[in-house]
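What follows is a structure written as structure tokens; I'll ask about it next.
The letters A, B and C name the chains in turn, as written, and every chain counts its residues from 1.
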Amino acid sequence: MSSWFRVTAAVATKDIVIEVRSKTAILSALVFAALVLVIFNFARDASLVSASVLAPSVLWITFAFAGMIALNRGFNLEKENGALEGLLLAPVPRSAIFAGKLLSNLAFVGMVEAVALPLFVLFFNVSVWRILPGLLGLIVLATVGFVAVGTVFSAMTVRTRFSELMLPMLLLPFMVPPLIGAVQTTTRLFDGRPLSEMIGWLRILALYDLVFVTLCVLIFPAVVDE
Amino acid sequence: MTPPPDAPLLVAEGLTRTFGHTRAVAGVDVTVSAGDLVAVFGPNGAGKTTLLRMLGGLVRPTAGRVRVRGRDLRSGDPTVRRPIGLLSHQSFLYDDLTPLENLTFTARVYGSANPGALAHEALVGVGLEDRAHDPVRALSRGMVQRVALARALLADPDLLLLDEPFTGLDAPASRRIREVLVQRRQAGRGAVVVSHQFAEVWDIASHMLVMMEGGVIMRESPPPDLSVFMAQYEGLLRE
Amino acid sequence: MNASLNGSRTTIRWGLALTILGLAALVTIYVMALAYTPLEVRQGAAQKIFYIHVPAAWSAMVAFTLVGVVSILYLWLRDERLDAFAASSAEVGLVFSVVILTTGPIWGKPVWGTWWTWDARLTLTLILFLLFLGYMTLRSAVHDPAERARFSAVVGIMGMVLVPFIHMSVYLFRTLHPKPIVLKPSTPSLPPDMLRTLLAGFAASTVLYLGFVTVRYGLARYELARRQEAD
């Protein structure tokens, strides 16, 4: 068991060190997030549609697309010199490799979200202080599920043609339940609605995370084992 | 369950890899015992690399079985792979990390008690301790290959699988690989070498296999005289 | 090897028979719906597409569920015929969902005044369409057949697990945002003659789906068998 955690930690730390050094995905994701927020702000007619109505959708679309940019790099670095095969040869379980990748992907998407959120607060002039704990919890809950699915898919798409196009194409249907739940809950959070109005969505999000993280751990070996 | 000490390192029976109508490997048997060096030759597309990858557990056989130290490679227990090391033409290294970081990572994954020290020792072993802190991206191809070799030997594998190890190497680098192979034979380790360069392995191999179109068409132990073999091989290729 | 060629020819023949049967059934449903089923009080003639659309959407979902189940079998048994079947089911499902997504709006615009409604059926069919499209695009982007089969199976299984979550999300959304009555095409309890036509619609759609898949699968087997002979 301790070897499982050791491998997971080693893979995750290695990924983070590489990304901190090369900065490829993080920078592009951040620039993308900033662009999306700016464009949304200019694209709407402020007199017709108030920012607060659009805000939850804009926030989550930003997270979703910037997140996908960050996800793409996850297995790209393993492709360069066939490093993934080196990991597959090792006497360690596939699930530990997957968990390590999932953790590092969560760290990156989380990093992008951590920068995009203040930008969002700034551009849209919304106040999030009193709802911050709930909002953060929701962000974690909604992100875990689609990052797990994205990790499995990116392991496949790096080996295909048009990989930058394939990942969003495969992943988008899977982002529908978490995004609907996240936007609905965020809207209610901003409006100060009681928890009882959000509990239905939160349940779906939690179930989605549980089911898909488990499924992804089980199905990952089928992706990497020839 | 510890197998008897004189049991072979690896026994592969009836290895087959097919999909639909494509047959990469068909019914191949390989046995590697302590001190063996099995050289595998054959034209391109003969299935040599697929065979090697099946021996290493990277590719699942459609039929047949690989047993390493008596344990089935597909048993689901990852520790079965511990005795295996593989040196491919890809380096398995991360370009943004230094050789030391790369080897420390490998050592950590393999469960070494002191990964940093083991990594450093391995780099000294291939004479690269002065480049230990430069990113792999900055190293020459020959140096990268040395780091890759250090990586393959890091966990002290009983069985080393090598896929075209001499391709693109200069004379000193080839010599280094040959030394490693000879040492391994003397130490009672095993190796399987897939190669086009007959001359490099001919005099140090204990067994020789020729593959064509997925099957083994020639098998000699010890390998016969090289010029005799070359004549036979040319003849086989023409058929 | 000749046996495989003959086997696939037989499969195609059965498939064509089923397809013709299905098409005949489809025509029957049209007639039944238009002539022999009462008009629905609130929606009038507009509601009649319901007898074909609901079953067709159902068939698209069955198609995907089959892709998922057969994918699980493939990962377990690694028989390439299972992969061929899954791919056939996905292709047919893709066609079904495209038909639903194009005829629905074309039909709905003059009747409901809007091209698109986010009702449960259309939304689910749209998601299924995207899943089918992703599945087929992935297949075309992977060169090695074993890898293609493996990756397709993974997407198939994940997609099958996704569908209930789409249902849940759409259902929860609709209970919180009830649609106006006029856009609610299906009612929970149906008078017997409407139910009869609807069930007949299900039967026709299923037969048609089975027919298409059988033909497609037969063609795939034929291709495989011919390539094997060529070697």
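Note that in this section contacts are C-beta pairs under 8 Å (C-beta built on N, C-alpha and C of every residue); 3 or more make two chains touch, one makes a residue touch a chain.
Treat the numbers as computed from the prediction; the structure is a model and nothing was measured.
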What chain sits nearest the middle when you go by CA atom centres?
A
More C-beta contacts across A-C or across B-C?
A-C
Centre distance in Å when chain A and chain B are each reduced to the mean of their C-alpha atoms:
39
Chain A and chain C, separation of their C-alpha mean positions in angstrom
31
Rounded to the nearest Å, the gap separating the Cα centres of chain B and chain C is 49
Touching two or more other chains in chain C are residues 146
Residues touching two or more other chains, restricted to chain A: which are they?
226
For chain B, residue numbers touching 2 or more other chains are none
Applying the document's contact rule, which stretches of chain C touch chain B when the two form their complex?
78, 80, 145-146, 149, 224, 227-228, 231
The chain B residues in contact with chain C across the complex are 19-22, 62
Chain A residues touching chain C - in the complex, by the definition given at the top
149, 152-153, 156-157, 159-162, 166, 169-170, 172-174, 176-177, 180-181, 184, 200-201, 204, 207-208, 211-212, 215, 219, 222-223, 226
Quick check on the complex: what are the chain B residues that touch chain A?
53, 56-60, 78-82, 84-86, 88, 90-97, 101, 105-106, 108-111, 135, 151
Using the touch definition from the top, list the residues of chain A that touch chain B in their complex.
3, 6-7, 10-11, 14, 17-18, 21-22, 77, 80-83, 85-94, 225-226
